[in-house]
Amino acid sequence: MTVTYSRRVADAGLGTFSHLLLRWRGSIYKLLYRELILFTLLYYFFSTMYRFVLYEDQKRQFEKLSMYCDRYAELIPVSFVLGFYVTLVVSRWWGQFESVPWPDRLGALVGAHVRGVDETARLTRRTLMRYANLSGLMTPEELRHLEALPSPHNKFWVPCMWFVNLALRARTEGRINNDVALTAILAELNNLRTKCMTLYGYDWISLPLVYTQVVTVAVYSFFLACLIGRQFLDPAQGYPGHDLDFYLPVFTLLQFFFYVGWLKVAEQLINPFGEDDDDFETNWLVDRNLQVSLLSVDEMYDNLPAVERDKYWN
Amino acid sequence: MTVTYSRRVADAGLGTFSHLLLRWRGSIYKLLYRELILFTLLYYFFSTMYRFVLYEDQKRQFEKLSMYCDRYAELIPVSFVLGFYVTLVVSRWWGQFESVPWPDRLGALVGAHVRGVDETARLTRRTLMRYANLSGLMTPEELRHLEALPSPHNKFWVPCMWFVNLALRARTEGRINNDVALTAILAELNNLRTKCMTLYGYDWISLPLVYTQVVTVAVYSFFLACLIGRQFLDPAQGYPGHDLDFYLPVFTLLQFFFYVGWLKVAEQLINPFGEDDDDFETNWLVDRNLQVSLLSVDEMYDNLPAVERDKYWN
Amino acid sequence: MTVTYSRRVADAGLGTFSHLLLRWRGSIYKLLYRELILFTLLYYFFSTMYRFVLYEDQKRQFEKLSMYCDRYAELIPVSFVLGFYVTLVVSRWWGQFESVPWPDRLGALVGAHVRGVDETARLTRRTLMRYANLSGLMTPEELRHLEALPSPHNKFWVPCMWFVNLALRARTEGRINNDVALTAILAELNNLRTKCMTLYGYDWISLPLVYTQVVTVAVYSFFLACLIGRQFLDPAQGYPGHDLDFYLPVFTLLQFFFYVGWLKVAEQLINPFGEDDDDFETNWLVDRNLQVSLLSVDEMYDNLPAVERDKYWN
Amino acid sequence: MTVTYSRRVADAGLGTFSHLLLRWRGSIYKLLYRELILFTLLYYFFSTMYRFVLYEDQKRQFEKLSMYCDRYAELIPVSFVLGFYVTLVVSRWWGQFESVPWPDRLGALVGAHVRGVDETARLTRRTLMRYANLSGLMTPEELRHLEALPSPHNKFWVPCMWFVNLALRARTEGRINNDVALTAILAELNNLRTKCMTLYGYDWISLPLVYTQVVTVAVYSFFLACLIGRQFLDPAQGYPGHDLDFYLPVFTLLQFFFYVGWLKVAEQLINPFGEDDDDFETNWLVDRNLQVSLLSVDEMYDNLPAVERDKYWN
Amino acid sequence: MTVTYSRRVADAGLGTFSHLLLRWRGSIYKLLYRELILFTLLYYFFSTMYRFVLYEDQKRQFEKLSMYCDRYAELIPVSFVLGFYVTLVVSRWWGQFESVPWPDRLGALVGAHVRGVDETARLTRRTLMRYANLSGLMTPEELRHLEALPSPHNKFWVPCMWFVNLALRARTEGRINNDVALTAILAELNNLRTKCMTLYGYDWISLPLVYTQVVTVAVYSFFLACLIGRQFLDPAQGYPGHDLDFYLPVFTLLQFFFYVGWLKVAEQLINPFGEDDDDFETNWLVDRNLQVSLLSVDEMYDNLPAVERDKYWN
């Protein structure tokens, strides 16, 4: 269920984006609250340990450790790694959306070139489009056929070949009455098929696991270091930059919010065919495609309003 | 109403871009002045509190808080997040412009291949182009037809099918006199339709809300921290870097100007079909397309100046 | 007049790029010297004020102001904003070059398919190519025709329709002797037209003014801050980092050189159809295109050297 | 053997990516553990030297050296160079995947247009697809033929020409019964061939060695400097930032993990046709392509389930 | 002579890239050693001056100057400018490789569609392909023809027109026996021509000189500042960060190595048609293209191994 908010941000006014901060569905809060609670709990666990449990000399040790962690956590190039990684994930995400196959173009050609209003013609057109939708709407006969084909590999291409064969039969029977039209239909089918294979490729060839692991470890270890390094130390000890005990580590939580939020963008987009709020609505898409396909070639066949003069005529 | 300034910057001279700083329409000032005023008011509210309201020891606390905010605000990776985010928004914005459908190519083919000067031929050509413009210029008859079609989904593709059907009728009646031309016309129509679907996709699949929220929170929280962290502290206290009370926080305001201005670029471009100064002029476009379409296939049909020798002849 | 230096840098040797530093035409010096002089004058104006005009206590105030400016000028993210902005401008610049229409492909098809050596045939071929060049080489008759067409919109597409009509006439008269060829010619014309429209789009839809203004203000305000913040302060006052009075602010000038130079790259490329040293040579292009077009379809028509065995024959 | 984990990250939940941290195959640990062990050993070698072997004044010298290394190691722009380099390698990697040739489109056309069920027809179709797979499945006769052709250059294109010749023969014999179909088949073959040449180009034109060397030297020299610069110095000496002897240089090891891990991403992707865990499964691909090709044009020829009404009929 | 090392890095093992560090041809050492020697000499010149020539108070002045240079050299955004610039150059470099024209596709079509085994047919096919290679293999007659054509512009397109004319003649004589084939051949020729024009465009429209100059000046001035700013100062003076006299400025040399090496990547790729180790092998390419072209259409014409059953038959 994609979260669409284009209409909310059509005009740039006073703090346009601020309106978006109050949404829950698909929001960063919904994605992040569990991690944030966990992080906060751990932070206060260490904080309580430091304030109430440790002996004095243990406190001194902890303070040294804290300052050590704080200084070196800065060395982890979180922004850099995340910036490049998220950019990559976003470009793959959009690439996947662009590869989603739409049968509309094919429907127009099938509706145009496969002529006839008798039942066989209708059946031909509808069946062609059903094949093109590759979907689970097979008749039992077709399923038997598909399973009878001996091949260990993915068979998503078989309905494509049925389409081709049926189109050829229509050409032979004269329902498609010229070779240019047939070639155009087959080319369009092939484009659809190429899109399916591209999607298949995106699924098969994930972003290298190594990259994802490097990014995840970078972010997680940064915040592990922050759990200790960003504790408020006793102001009485006079450590530079530790002259205020604020109890609530606002900026560390904000940083957690940004960096882990940025990582969440990647987590959500890396496979846009799941059930995330922002994933593509695959089921809706399959339904819509089948319905529009059948409408295009059946109800809409030779269906035309009366052709009348428009209001600018002369 | 797009703001075009290409002509103003055709030549790079002394401070070419400085001329652009004095424009109001579509300018950063127009977009930003409300936020800037709000930020300034809040800044002086805190400033007044600090200078005239707080007791001495409260002042000391405030000063510590201020320095704490100042130090940690640096940790918010505003430039980084904004740089990557705005780049993404700008590339989507241009992608949307490139997907704006222009019926010109189709008009050329319809004008070329649908032959005849009688009323039916004219009507056919004009109606084809009207369908291709998909626009609100339907006749009541057509609207009735459209609404009669049972489908819960967006019906923007229905006029496309009418186009196809009418083109096929023209082929059958011999107004389009060969199959190659018919196929070329249908291919062009399909290209137009693909562009519409791409635009529809850009609208449907917004940039993930999470990303926009992360960026917005980063920018806003940075400036919230600045409201306190960039106050001028009493020089008498001798805090490092606080030996000058300047009253006007020039650099903080400049930073606000850059960062929020950069965010405004995104706010303005994220949906280029609104009413912003820099949005695409959709209405103008629809008008222009319809007019050029009708002119192309009607007034311009077989309209040709006398073919004469040019001045380089021999 | 584009500055071409590919040949100078064909081989990477000792300091290959250093040879490029000594060129004037199209160089950074030529673009920048006025700004640099202005900046230097202003710098020395403040320097003189500080050294010779101000009273002692005013000097102390100025020194504080200077260090304040120096510290906060660092906060302006000039590299970041410039890096992303210039990358964007450069990609639009090359996009525009790729959209420059070349009639060569069309010329080949017109020369191939419009048959005949009589005057009408020659006239047809030449006129087709003239229309395709859309240029100011109209005959008075054609201009009258163009102006007679009632439309408030840009009419650059009208010669395209003339092209289409003339091509259709040639087909009817049998000069183009098959439909495949006609369709190929019209498709090529449409490609040319699409390129023109892309260029028109680049011109119409500038980069959002807001972005350009943000970048310009960032760079300018950075250097305004440097005018004061990078003054050499009296070493006798013992300010850290101010123990040397060097009179010439070498590094500030270098920084000016880089950053403003980088901005100049953008200023020069944002509209590549002006008169800058590095702009596309539009007039040359129009001339070349017309000449090559006419040569292709007229002098070169059926023009073929004797076909002889090549030297590798058997 | 590509490592696919899309399904594991379909939904963004609590620490989605954390599940990925526990995998071994294709993981960063598997790639990195040898380097990490080596680095750790070297680190403790220097540590032992400093703690137990050196004399007091040698220790003082080592401490100076260590702080010198630590300060200057920061100057090596590792993140920057790696960020740009890895982005480049990743885009080439995906470009290579997109260039992997799939014969599916061609199979559909050959199955469609090469008509006939006699043995010669079958043989023609199968042989066409074998040629298109360019693979080692040559008959001895074909191999003799290939070797007989005198050319010093790569002959991968020769089976393409056989394909062309056989297709032409099929056209002459009427098995392909129209010119449009033949042209479509040849166009599709040419697309396949173009993809092969693109892959060949990616292999032939590596990323410039210089770039790879610069990146490698940057990373390696950074960690050589860290071997000395990140040693824990004697807290008793009171060097700033050295008030804690932690024995285990956690953050240096983490940095090693990120940076060398990032470099490993590049090492793994720079040639995706090897035997790495994440490389493309070339052998599987060749098998699959041949099998699907033969099935498409032979078993599937005119193979069609009974065409029946679908469940939405009326 | 391109340096190909894909095979060396097929598998990611222990320090895969480290093997690449030992190569000389095409290496960073070969490109850089002259600059490095020069830089080192200059460094030691200043070093000697400081240590042995200057008087004591001159030394104090030099030390101040050195620290001044060191501090401000940091302000030069070398990584940033280089990162964006090199990315741009690399993308142009690959764009140029992708525009290198290969006549293979055209050869397949010419070999397919230009029928006949008599000498004229062979001559036609060979001559067509020779024209398509545009190369210096003109017969004297052809050269005379070319020079006779009056035009001040580049005439690389003239052999294309000859190709067109010869193809048309072949169509008229029936050697090409249908219009679809002729159109396909001309389309392919036009694609080849477009690639040539793209290459011509890359050569004509260099990257703006300004950008290259900005980058070069940034890198060079940074290292000029380093010559002074990175000198080892007398530890006895107790300047912070100068408590060790190391004689060899390891890290400065490393930085020189990275930054100038990065610049060298750009120097080498900015014109890939020169004689650098990593440039495209243009001569080899021209030879290969001509040979493969002639083989494709002559020796390979109707050349087909006996068509036999493959080993998977049934």
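We just call them A, B, C, D and E in the order they show up, numbering each chain from 1.
Here is the rule we go by: a residue touches a chain if its C-beta (ideal position, glycine included) is under 8 Å from a C-beta of that chain, and two chains touch if they have at least 3 such contacts.
The structure displayed is predicted, hence computed values, not measured ones.
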If you check the contacts of chain A and chain D, which chains show up for both?
none
How big is the rotation, 0 to 180°, that puts the C-alpha atoms of chain A on those of chain E, in steps of 5?
145
Using the average of all C-alpha atoms in each chain as its centre, how far is it in Å between chain B and chain E?
37
Per the centroid of Cα atoms for each chain, what is the distance between chain B and chain C, given in Å?
23
What residues in chain E touch two or more of the other chains?
31, 80, 83, 87, 180, 264, 268
Looking at which chains touch, is this a line, ring, star, complete or other?
ring
Starting from chain A and heading to chain D first, what is the chain order around the ring?
A, D, E, C, B
Per the touch rule above, chain C residues touching chain B in the complex are 31, 34-35, 38, 64-65, 68, 71-73, 75-77, 80-81, 83-84, 87-88, 123-124, 126-127, 130, 137, 139, 141-142, 144-145, 149, 151, 153, 157-158, 160-162, 164-169, 179-180, 182-183, 186-187, 189-190, 193-194, 197, 201, 203-206, 208-218, 220-221, 225, 263-264, 266-268, 270-271, 273-276, 279, 294
Per the touch rule above, chain B residues touching chain C in the complex are 2-7, 9-18, 20-21, 23, 26-28, 31, 79-80, 83, 86-87, 90, 97-98, 102, 104-105, 108-109, 111-112, 178, 180-181, 184, 188, 241, 243-244, 246, 250-251, 254-255, 257-258, 261-262, 264-265, 268-269, 278, 280, 288, 291-292, 295-296, 299-313
